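Encoded as structure tokens, here's the structure I'll be asking about.
In this document, chain identifiers A, B, C and D correspond to the written order of the chains, with residue numbering beginning at 1 in each.
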Amino acid sequence: MPFIPHTEADTADMLATIGVATLDDLFDEIPAGLRAGALDGIPPGLPEMDIARLMQARARADGQPICFVGAGAYDHHIPAAVWQIAARGEFYSAYTPYQAEASQGTLQLLFEFQSMMTALTGLAVSNASLYDGASGLAEALLMAVRANRGVTARRILVPRALHPAYRRTLTTLVASQGIELIPIAFDAATGQTPLAAVEEAAGGEPFAALVLPQPNFFGVLEEVDALTDWAQAQGALVVGVVNPVTLARLAPPGDWGTSGADIACGDVQPLGIPLASGGPYAGFLCCRQDLVRQMPGRLVGRTLDLDGRPGFSLTLQAREQHIRRAKATSNICTNQGLLVTAATIHLALLGQAGLARVADACRANTARLVDRLGEIPGIAPLFNGPTFHEQALRLPVPAAPLLQDLIADGILGGYDLGLEYPELGSAILVCATEVRTADEIDEYAARLRRLIEARGTPT
Amino acid sequence: MPFIPHTEADTADMLATIGVATLDDLFDEIPAGLRAGALDGIPPGLPEMDIARLMQARARADGQPICFVGAGAYDHHIPAAVWQIAARGEFYSAYTPYQAEASQGTLQLLFEFQSMMTALTGLAVSNASLYDGASGLAEALLMAVRANRGVTARRILVPRALHPAYRRTLTTLVASQGIELIPIAFDAATGQTPLAAVEEAAGGEPFAALVLPQPNFFGVLEEVDALTDWAQAQGALVVGVVNPVTLARLAPPGDWGTSGADIACGDVQPLGIPLASGGPYAGFLCCRQDLVRQMPGRLVGRTLDLDGRPGFSLTLQAREQHIRRAKATSNICTNQGLLVTAATIHLALLGQAGLARVADACRANTARLVDRLGEIPGIAPLFNGPTFHEQALRLPVPAAPLLQDLIADGILGGYDLGLEYPELGSAILVCATEVRTADEIDEYAARLRRLIEARGTPT
Amino acid sequence: MLIQDASRPGRRAAAQSPSPPTTLPDLPERFRRRRSPALPEVSELQAVRHYTRLSQKNFSIDTQFYPLGSCTMKYNPRACHALAMLPGFLARHPLAPDAHGQGLLACLYELQEIFKEVTGMPAVSLAPAAGAQGEFAGVAMIRAYHQARGDTARTQILVPDAAHGTNPASAVMCGFEVREIPTGADGDVDIAALRERVGPQTAGIMLTNPSTVGVFERGIDAIAATVHEAGGLLYYDGANLNAILGKVRPGDMGFDVIHMNLHKTFSTPHGGGGPGAGPVGVSRRLEPYLPVPIVERTEQGYRWLTERERPTSIGRLTAFGGNIGILLRAYVYARMLGREGMPRVAEYATLNANYLFKRLTEAGFEAAYPRRRASHEFIVTLRREAKELGVTAMDFAKRLLDYGFHAPTTYFPLLVPECLLIEPTETETKEELDGFVEALIKIRDEARTQPELVREAPHSLPVRRLDDVRAARRLDLAWRPTSNDGES
Amino acid sequence: MLIQDASRPGRRAAAQSPSPPTTLPDLPERFRRRRSPALPEVSELQAVRHYTRLSQKNFSIDTQFYPLGSCTMKYNPRACHALAMLPGFLARHPLAPDAHGQGLLACLYELQEIFKEVTGMPAVSLAPAAGAQGEFAGVAMIRAYHQARGDTARTQILVPDAAHGTNPASAVMCGFEVREIPTGADGDVDIAALRERVGPQTAGIMLTNPSTVGVFERGIDAIAATVHEAGGLLYYDGANLNAILGKVRPGDMGFDVIHMNLHKTFSTPHGGGGPGAGPVGVSRRLEPYLPVPIVERTEQGYRWLTERERPTSIGRLTAFGGNIGILLRAYVYARMLGREGMPRVAEYATLNANYLFKRLTEAGFEAAYPRRRASHEFIVTLRREAKELGVTAMDFAKRLLDYGFHAPTTYFPLLVPECLLIEPTETETKEELDGFVEALIKIRDEARTQPELVREAPHSLPVRRLDDVRAARRLDLAWRPTSNDGES
């Protein structure tokens, strides 16, 4: 019996103590008609040896194409120490730290994480994580609506240049609460979200919050200072959506405009979390000090013990569902503790200088990639706005079959922008992080050139 | 500076405290003429990211052929828990437990290992491991010569059916101490080492010890009871060389003959240690209680602390080189602690029933393999003696090119016995452990049949 | 000491970052960060040592018995972690084509099938990232169902008063009003009260069964009939699924939708509070609304169905496919259990709970529902000890830590005073349970003879009892570069 | 509790063994085991919990400063472990053909080249499984060299009295007689004494440089000339190579053969006592005798040279290629250091040692060699404290454990009374060293004011001071199924 320690003697003794004859007698309060039969649809149990063989074969089958896609999930180096430590049983198999004295490891680590995220975002408060960047943004918007006492309108302006999957997630999670998500157009030349478009989306009516991705989905840098100042002047809160790696070099949300964004969120994935087909990742959420009581999710505070020594515990639990139930700031119950553990160790290993080097290397590699691909006739940047470490490229031939041919060669060549932005024509979004070598970039360019040439003269 | 924490300020402060101006001044006692120049033959340092890429590519390049070779190293399932725990920093980065109070983890684990090995071998004492099975056997023989006070002759009888690499290792390690290693022939029909051959090798002269592999290199079971009784009647010590997995089912050395073997040794590799091209493995060494003071290597004993509570410490250190120097029982200084950690966890996870199942599955799989291969014309067992989980097979065509063709198909088809036993003609030694599936075995048989048929009618 | 306090300007784990690029594209001044973020600057050994030592300050399943009720702290097999972390799985970008994810998708498809079979639900989505998201998805599907039928008057969700806090919170997040149903003295839902509260305004009811008070809801047939007759749907909160896994199927009890907490029943890591995963199973009538993505098997292989192929879906709950790595762990676990292992989980979890229940009540502890069969967990109330000895459930809990046991859940469910909700799980030995009983008896003795010892517990942990009031009043939520409070 | 004490008949970690085969070939009765071996019968969780908790009882580099002299307890990079444990490396059978090991062999070949460059030796073998085996191999090569020349009268090996115990033990294992050379008051070898003892009977001398007393042997040129002129060879014990890595090369000092302890200088894991690896480097005249296997690069790729291709080799030291996995770890470490990183190791190891040396002597502790520059380690003698306060070096060592520091090496080398041999290594921070100095000062204060506190230390560890005499007198080396001593 895998994972069950009972010997026959144990079971007999225990049943005798309880005073029943069989294991089945323990279910005697359940109406007989409800009892399940054999679960024939489930295969018989496998020893670890056999499931290991199966999983190894399946993992191998998925291959490991060379990745030139970012689009919300980034292929970064993860130090070996990160997961060797995060997977230690004491982190891996502990629960939410309800008994603070027996959970100082997790609690202190979460406090350190909160400290790192406030340092990165330039905001005063960070929670201990949410599910991922997209659902975290939804929580941020609910929070903004609750927090914005000056504006009762449940309207939020959302750039179309925000990640499409994030926009879809928002629709699922906040639309049912009567919140209206108003799209903002992007400029076809720059790829930025212009102030004029924001004004047009607002339509002169009050709105609770403006979402500001930096960089936006196209990798383009938004004029966050002007947009932040304008939106706050309208009484709206500004919710920044940021990639933490870029914050090593980009102005943090806390510094946007005159007074800084009110809330910032994003995905922790680029900080030590493997791509892993999309999860588990972790969302982070930071805000101004005065918004802390509207914060969803776990918060760890530093306090003192009976001897006056510092220690850590979950705090402001009165916001949460297990206390406040229907009136909680969110239904959220878990954070993504294990991923936060990895991210915290990752950031400690990189430090501020290391993270800046990673950001620089990503920018340099993407620039090299764009240069190389740009040498191919018909390929050119789609937008002329400033970018960070992703770039949208126009292609001379249809993107989808090209990407298919590339993947057959073991290259994940880019994200097909036509899937969500048909108006952009044949265009892809590419990214080359610090782990891509010059050889890999040149090889990609060479193959792409051959594939395009094989399709005849570019139009 | 990888792994060096010093900031420039630290270095300056520390040099000032010491009272020197530069780091180089710290080497001022070294004759100037001896100072090394630049190490141009060594490439510049690489970040972890780059060396990881290189190593991953190299590890992939080596492929993972399906393994039908045993011959001293066995492809067994290793539970995931084994190395996840063995690699914990507290085990991985601790030293030899000189400070017992700060090393109870390692010490208790070694005591448990010693207990497991005595249980497996049926002997009273086990040490805490030696380098590997072959060098461990050399230590066992040196020990036997020291311990055998009744026989001063430095002659040891060594079956040719002992693993050839072990025999070569003995030559390196014990011959320089004036010990004569006398080979014993095996029976060409049974593959066993017959008593008559032992008697012939002894030549009526005293000898200090008889080496008895069980099973022997050919996978054949020796008549250990008769051989042990005979050798001990001659005043010799009997040194068993055993595979710990087989001891789940085979009579342990402690039960051989009337009084049991005197010493038993072997390699721990089949207990949770990956094949890994041959190392690190670990040797084990067990003996009768009265031989303990001749034992080389570390020994952990259970004792009491100041409060009378049990605890563990290294004991009988007076045998060892750091105390006894030139008069030590061996020059050995390390054990193979990390591997012993893995093996101990492995054995705890298998238990007696699990180990027996592994042994049975190996026997059943090897039997299936021998059956399938035996259906191919010209292939038959080379010996008719009883076997455990390896089998020598006669081939109808030369072995070496056949094995080469198989490996090109991703199958490690067997060990070419002709390399060390040219008199055996074209023959291989095969093994199918519990991890080999019926499909893999059948696939091997099918390919081998095709390869042999392609070479024409068997002779 | 915080890692931030160990920081020194210019120190670095130098092997962990790339060499600086030789050329760097221009970044306009206005976008640039002015001051470096105050991230810790430490060596690799400092980081490794810091977090290794920090980990040792945690209780965990791998180190202690952890009978935290409602959390199912059973053994998380190490193989699940190793196999979910295979490089082939980790390296896959979420936007890679399905053709380069057939191995992964095969696992996820088969996991969907396993969940269908073991819950008795005909359709499953693995998308929700946690139990609470599963609840949201479930209630959102109920809402979508009624809306699709034009049945827009159904504005209420019924929730028993003993329910997990997530239930009402999730219902509210979906725009519903919550109506509470009282629990009877025997632990079952008060069906008379239910009948009063149900009506055309009822969108559905959210139930945990076995309930949070640790007993099987005997009136489940009547509840299902009552709610269904009123046009409402039944939501099964799978938090306690471990208690009945393979023995009773929520689908057979009449539930229309269920979420599962994989970190409970399917033994995925708790990870200090997550990640979870909250797959949902539904009846045929809710199938059109399942959240995306869902894995489909076709003749050409497996593929992910998204909003495109499932236009009536409630949509996407996270950016990509949910907590995939957790799903892989659950898959490995489910395959190791197999069809025969699933009911054994429920049997031995129930055996352990009832054994502990019996031993504790025989030792004189008061059960909250003494006449009921315990499910996988049960409630002891220490109201007598609190009153007579001045030693509370919290004091017992803290003192248990000194004995090397994690505390049970305290003060939940809210309706039982001074309660401990105790869930031993099926992976603990009889010896461990016996040791726990002995510890509780000893603590009660201590409460009689040296109550301060218990009231001031714990005494052997890295910190003594913490001042939670101070934590909330003098909020200190992050280290600041300028602060002088680095003494911790 | 021992894992054996947790055992219960019939309990099993059932996922860890294969299903019983349906048919099993016959095994004749006389070969069969009669009673099952008394291996522990525990659940998977029990095993995981037991060994996880056991690990927490260790001090280790990953958790504590570990200034154990002569052992070079520096950070073992986690990447080395991860990359040596890649499945492609682990799965390779030792008898697989070289063609299926080109990735591995490339690493080993390059490691040989790196070792040649950094030691100044023209040829290297990676075969020895540990430092002591490297010593054996080195001395065996010296023996083979003299024998090949017919120079059979050379029966003695010279060894300084301060040498590691392995030196004389290894010489004896090779059939030599050991002659000791005294150490002068300044820590250098007494060259006059050497000149007296050297002669036609001298096969060679074994030297550690820097020596075990922590100073560089200034007379190395004279020693080399003396021994070589007498026809002897020089053996370099690489135990202290970390002190001079990339700064001075043993080959340039005139040594004929060297072994390296990879778990010291090349940061492979100490693993609770192993595995080590002890590659040997030799001058051209010893090259024919190098132990096998050795990796060669040819136009067709890399291949392993064995006894067949190297008939004059001293032979094989283990069954297969030595501690390959350790060599891979050392390779990864060496590549991360690179040419510029190697001398830095020596520089900062020496900086840390001299800083600690200075701070301790300034604090009033007595240095064994006060006028010498410390190498990577140095000796403090507590003879004054022992005499005046009755608190020995061992007491200081045990009390340090209470302060969270592993103790330095005590009572080695034997020629300095009440000594601590302290080696901080290059990977520790100044703050850590300062903390260690403060702890030693506090302990000396305690020794003055409450000597019992120090004499009975440690007080905060899993056990108090252990009775080693009892351990040796009442030998208890294994748990026995029948014994009733399961109380531990």
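The rule is simple: a residue touches a chain if its C-beta (ideal position, glycine included) is under 8 Å from a C-beta of that chain, and two chains touch if they have at least 3 such contacts.
Heads up on the chains, UniProt names are A, B = Probable glycine dehydrogenase (decarboxylating) subunit 1; C, D = Probable glycine dehydrogenase (decarboxylating) subunit 2.
Everything numeric in this text was worked out from a predicted model, so none of it was measured.
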Of B-C and A-C, pair with higher C-beta contact tally: A-C
Separation of mean Cα positions, chain B and chain A [Å, integer]: 48
Averaged-CA centre spacing for the pair chain C and chain A, given as whole angstrom: 20
Whole-Å separation of chain centres (CA-atom averages), chain B against chain C: 46
Set of chain D residues in contact with two or more other chains: 8, 10-13, 15-19, 42-46, 48, 52, 56, 61-63, 74-75, 77-79, 81-83, 87, 336, 427-429
Interface hub residues of chain A, defined as touching at least two other chains: 1-6, 10, 47-49, 52, 56, 77, 79-81, 84-85, 87-90, 434
Arrangement of touching chains [line / ring / star / complete / other]: complete
List of chain D residues in touch with chain C within their complex: 6, 8, 11, 15, 43-46, 48-49, 52-53, 56, 61-64, 74-75, 77-79, 336, 427-429, 431
Contacting residues of chain B [partner chain C, same complex]: 1-10, 47-49, 56, 79-81, 84-85, 89-90
Residues of chain A defined as touching chain B within the complex: 47-49, 52-53, 77, 79-80, 84, 87-89, 434-435, 437
Interfacial residue positions of chain C with respect to chain B in the complex: 8-19, 42-46, 48, 52, 77-79, 81-83, 87
